[in-house]
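So, here's a batch of structures to check.
One chain, chain A, links the two complexes that follow: it is found with chain B in the first and with chain C in the second.
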Partner chain A sequence: MLGYLVDLMRLSRDGIRDNRLLWLLIAGFALFPIFTHFADLPFWNDVAMRIMLLGMAAMGLNLVLGYGGMVSFGHAAFIGIGAYCVGISQFYGITNGWAHLLFSLVACGAAGLVIGYLALRTSGIYFIMITLAFAQMLFFLFVSLETYGGDDGMSIDRAAFGVVDLYDPLRLYFLTWICLALVGLALMFIVRSRFGVTLRAIKSNESRVEAMGLVPLRFKITGYVISAVICGLAGALFASWQEYVSPDIMHWTRSGELMIIIILGGLATLAGPLLGAIVFLLLEEMLPWLLGVVAPAYAENWMILFGPILIMVVMFGRGGLVGLLDRWWAADKAGRSVR
Partner chain B sequence: MTMTLILEQTFNGLQAGVTLFLVAAGLTLILGIMDFVFLAHGAQVMIGAYAAAAITGATGNFYLGLLLAIPVTFASGYLLEFLIIRHLYQRDHMEQVLATFGLILFFNEVIRIGFGPAALYSDLPPSLSGFVEILPDTPYPAYRLAVILAGLVLALAIHLFVSRTRVGAMVRAGANNPMMTAALGINIKILFRLIFATGACFAGVAGMLLGPLTSVQPGMGEPLLILSLVVIIIGGIGSVRGAFIAAIIVGLVDTLGRVFLPALLRLVIDQAAADGAGPALASMLVYILMALVLIFRPTGLFPAKGS
Partner chain C sequence: MTPNPVLEITDLDKSFGALTATKNVSFRVLPGEIHALIGPNGAGKTTLVQQIYGALAPDRGHIHLMGRDITALSIPERVRAGIGRSFQISNVLMDFTILENAIIAEQARRGDSFRFVYPAFSDASLIAGAYHILERVGLADQADRPVQDLAHGDRRMLELALALATAPSVLLLDEPMAGTGPQDSRRMADIIDQLRGQVAILLIEHDMDVVFRLADRISVLVEGAIIATGTAEEISGNDAVKAAYLGGEG
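Let's turn to the complex of A and B:
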């Protein structure tokens, strides 16, 4: 046990700035409602909520995408399954929020196991496409399930979480925050554990890992299931917060969004997805406003700037925002040591 | 009555299949030869449809619209490759997904600003707006028939080009092993650009042909893009022949599944359950097909890459 902890400490040295940044951001989310309360900007609580949920889902996806090198283009499906578990269990009269969360996690774990088992037989572009295909399959399944609202979706009453009364929106905010912190903590341990190191080794050279006597597929599937469960948690919280769920939540563009958030923030970093979600959603809020000031007639067409920004990020931004901060820090340190 | 319905729906499936093939033909080469995940191919469909609709609207002549829109789509593909895509070949798939996703957003917004968010409807020329009797007492819209014919002619042309010409041989060699092809002294950069522009052109033609059948609106190419990705994966990345066969299969399965699957299910399970499950299953059918193909043949039906 002690040896294991020492191992953990040694391994975590390379990601120490990453860790610090992650907890700085999470702490920021805890303090944010105080700021919005005094600045009288309650709307921004909603934005922060969306950032936390999308960030959480992106953190889950990052485990397979960044650390595992498996480019899944269908993780929106797990957000959708998580969200629909809340809706469907309420449809059948189950109002306990903890039960909803449990159903979501179990359902997403099972779905992740099945999809992962089938999809991980392929690799490269084929893997991207088969994950997309499974997501589309589920998307159209929920579109055509008229019982659960079909295309229009279904509205959900806010669930009862026992002692935690969620009629006060701030309580749900903090429930989400606790989940985010738990996910962050779990991922911090997972990526530095033996399992996480193996996953990263598979990314850089799968046959070598196999030659060492390990079965890469097992690690990949496990990673896939964990990430599916995290996305499901985000989806379940999303549904109880919005009090509404529709197939839109699992549209294929959402999978693209998650990928964008990760690459924007920094692949295979802990803080990256959260930082990416902050920048992504702030851009979504700020660009229309900015365009409204410069060219009011085109305020709705903010995506005309957003698209090129994404292309720029790919063309010039290596390593995402965390990479940028890292380089900046490194330069700062070098500058100081010269002085 | 049922025979008529089956025949009619088979023709509709064929029409969906050939238009899918036009989108997939270029995309399969882009994926296969350049190993490039190009999601903005749907935007090329949209550009083609809008170009044709705009030129038809301005000149009043449908055929002139089609004819003049072709160089527009070719130019847009050529420019896109030259300005952006060629810088991204060396990047990994994820970054390509991200950049081309950005392109989708950009193109949709450009079209929205240029033509407004509402859908355009273009009228059919009088010569194609009637019906043709494909069998005695079985009328079928002339325009859909024309689309099928045009698609088949283009498919034949693509097939002959790829299998019989010198450039076609280069394309096949490129799909099989791009590095070796370049080492044999073939200017693979120019080849890439031409494939890209031609592929964009075919996608544009698909958009033009579909214009009068569906609504021409921003984002119209995206459902078609997803379906053509399914086609490409089923057919095997980089294989034009595979794309054709898979496109026809997907077109038929999708169209016929939607019409007949609920009825077929009703024979097996009780009506209420069938009415619920039928449409759900029908809309999932092509994706189930793709997943099955990938599970049993992980590189598609006709893989182009040498092993």
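Let's turn to the complex of A and C:
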């Protein structure tokens, strides 16, 4: 096991800084509650929680979108399925939180398998449309299910996680943090494994992978299922945290949000989705406040600034924020070695 | 008595609407030989290769590889059965280094690409296998170069290496010298020459000098039909070939 880790660390030329950044960010989330405690800013724990959950979902989508080159525009559906699995099992009197999580992961794996199996027969724009169609179908299914609250959604009693009593919101924070770290660890292994490099090879050139005697569809479906399960985990934690779930959680704009986060942070990087989620949600929090100070009349129109910032990062930061940092670090190093 | 063919094409037909692209084609590729497939532009060479490879289904006829009927198999199944392929347009993994390309090919051949933990690019046995592949085409000394930075000729060499990596019993080379300069063409021809006897090769090539230098036997395809098969001497002396094909060149 230690040997594996050592191998991972002295890995490929591009991977080391990305790896470090990911663990730096994850470590930051572990220490953040200490900061909010002493700064007396408990509200920011909620922001951090949202960032971790959205970041986790984006990390899941990135396996498919970034590493696999499959532009899925329907991953909010898996967040929704994960969340509703918690709500529905509560509804039928199952109060054990571990059971909820298990139920969510299995349901999302199954949904990912079915949707992936059907949608991955297409590619390009058709794949985008089919994944969106499946997500919309599920969205309207939950809108129409009056038993589970329909449009209004359903409230959920806080689940019991056995010894981990979640009455204290910080405990749920740390359960989420552990899940985030596990997802990060799993993805770090997966993208460099034989499976992971084959998935990246398929993105690079599917017909060459076929000419090597492999069936690309199998790898793509497997990647799709893994990413669906990760999104489902984020959804389940989100529902437990909010103690509420409604179809809103799987609105198609959330699928778009996840894609923006990934592109902002850096496609096919480990740290990108998490960094993207941090910047995306911080901008969402800060811009209205900033405009409120500078030009109060426009405070509600903060999106006017938000859009151009996103466009600038995408246009000028090839490889997103991680790409920018990477080039900056590389230049810094080069400059120092010259001196 | 001729030895059992590696690849045997029998009565292959393929048409696209009114256009007949492959007309009752039958020929054999024997063990270890370099068998060239020549013909004027539009003769249906690539259509024929696509049917052997599995990218197009023939309307009629059979394809046997080492005595096994592979007509109904998919592309990956045919590759695992022993068909290797290089494409007319370079078809390599552009986002990786030369070594990484070879590693991915090596793990594909071993059939254990469904592993999720141990990193592929630092696996000592995969790296050893990959170097072995690259040595066959003379790319081992620049293994760490990204494919993006390679000249066209080197990409063609890499593509040949990837086709060899699947340990094929027959190699389909679709214009391997296409777009390369004279020096790279000679390098490629030398490598193909060295493969003679190791693997049966079906070579599609325009350059007649190369064909006459390399080919043990030549089949001439004109308007979808094979009009002659034989050694270089037999083909250059064949009146039908002269009329239909070589005649056009002078």
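Assorted remarks:
Here is the rule we go by: the second predicted complex is superposed on the first by the 325 of 339 C-alpha atoms of A that agree within 3 Å, B and C clash if a C-alpha of one lies under 4 Å from a C-alpha of the other, contacts with A are read in each partner's own complex, and residues count from 1 in each chain.
The rule we apply is simple: contacts are C-beta pairs under 8 Å (C-beta built on N, C-alpha and C of every residue); 3 or more make two chains touch, one makes a residue touch a chain.
Please read these numbers as outputs of a predicted model, since none were measured by experiment.
In the superposition on chain A, A:Gln90 makes contact with neither chain B nor chain C. By the document's definition of touching, of the two partners only chain C reaches A:Ile190; chain B does not.
By the touch criterion defined above, A:Ile311 reaches chain B but does not reach chain C. Within the superposed three-chain model, A:Thr176 lies out of touch with both chain B and chain C [touch as defined at top]. Contacts of A:Leu214 after superposition on the shared chain: chain C is touched, whereas chain B is not. In the superposed model, A:Phe73 lies in contact with chain B only, and not with chain C. No residue of chain A touches both chain B in one complex and chain C in the other. Partner chain B is touched in their complex by these residues of chain A: 65, 71, 73, 118-119, 121-122, 124-126, 128-130, 132-134, 136-137, 140-141, 143-147, 252-253, 256, 259-260, 263, 267, 298, 301, 303-304, 306-311, 313-315.
Against chain A, in their complex, chain B makes its touches with residues 31, 35, 37, 39, 84, 87-88, 91, 93-99, 101-110, 112-113, 226, 229-230, 232-233, 237, 276, 279-280, 282-284, 287-288, 290-291, 294-295, 298-300. Those residues of chain C that touch chain A in the complex are listed here as 74-76, 79-80, 84-85, 87, 91-96, 100, 103-105, 107-109, 112-123, 162-163, 165-166. By the touch criterion given at the top, residues 4, 7-8, 10-12, 189-190, 192-198, 200-201, 203-205, 207-215, 218-219, 222 of chain A touch chain C in their complex.
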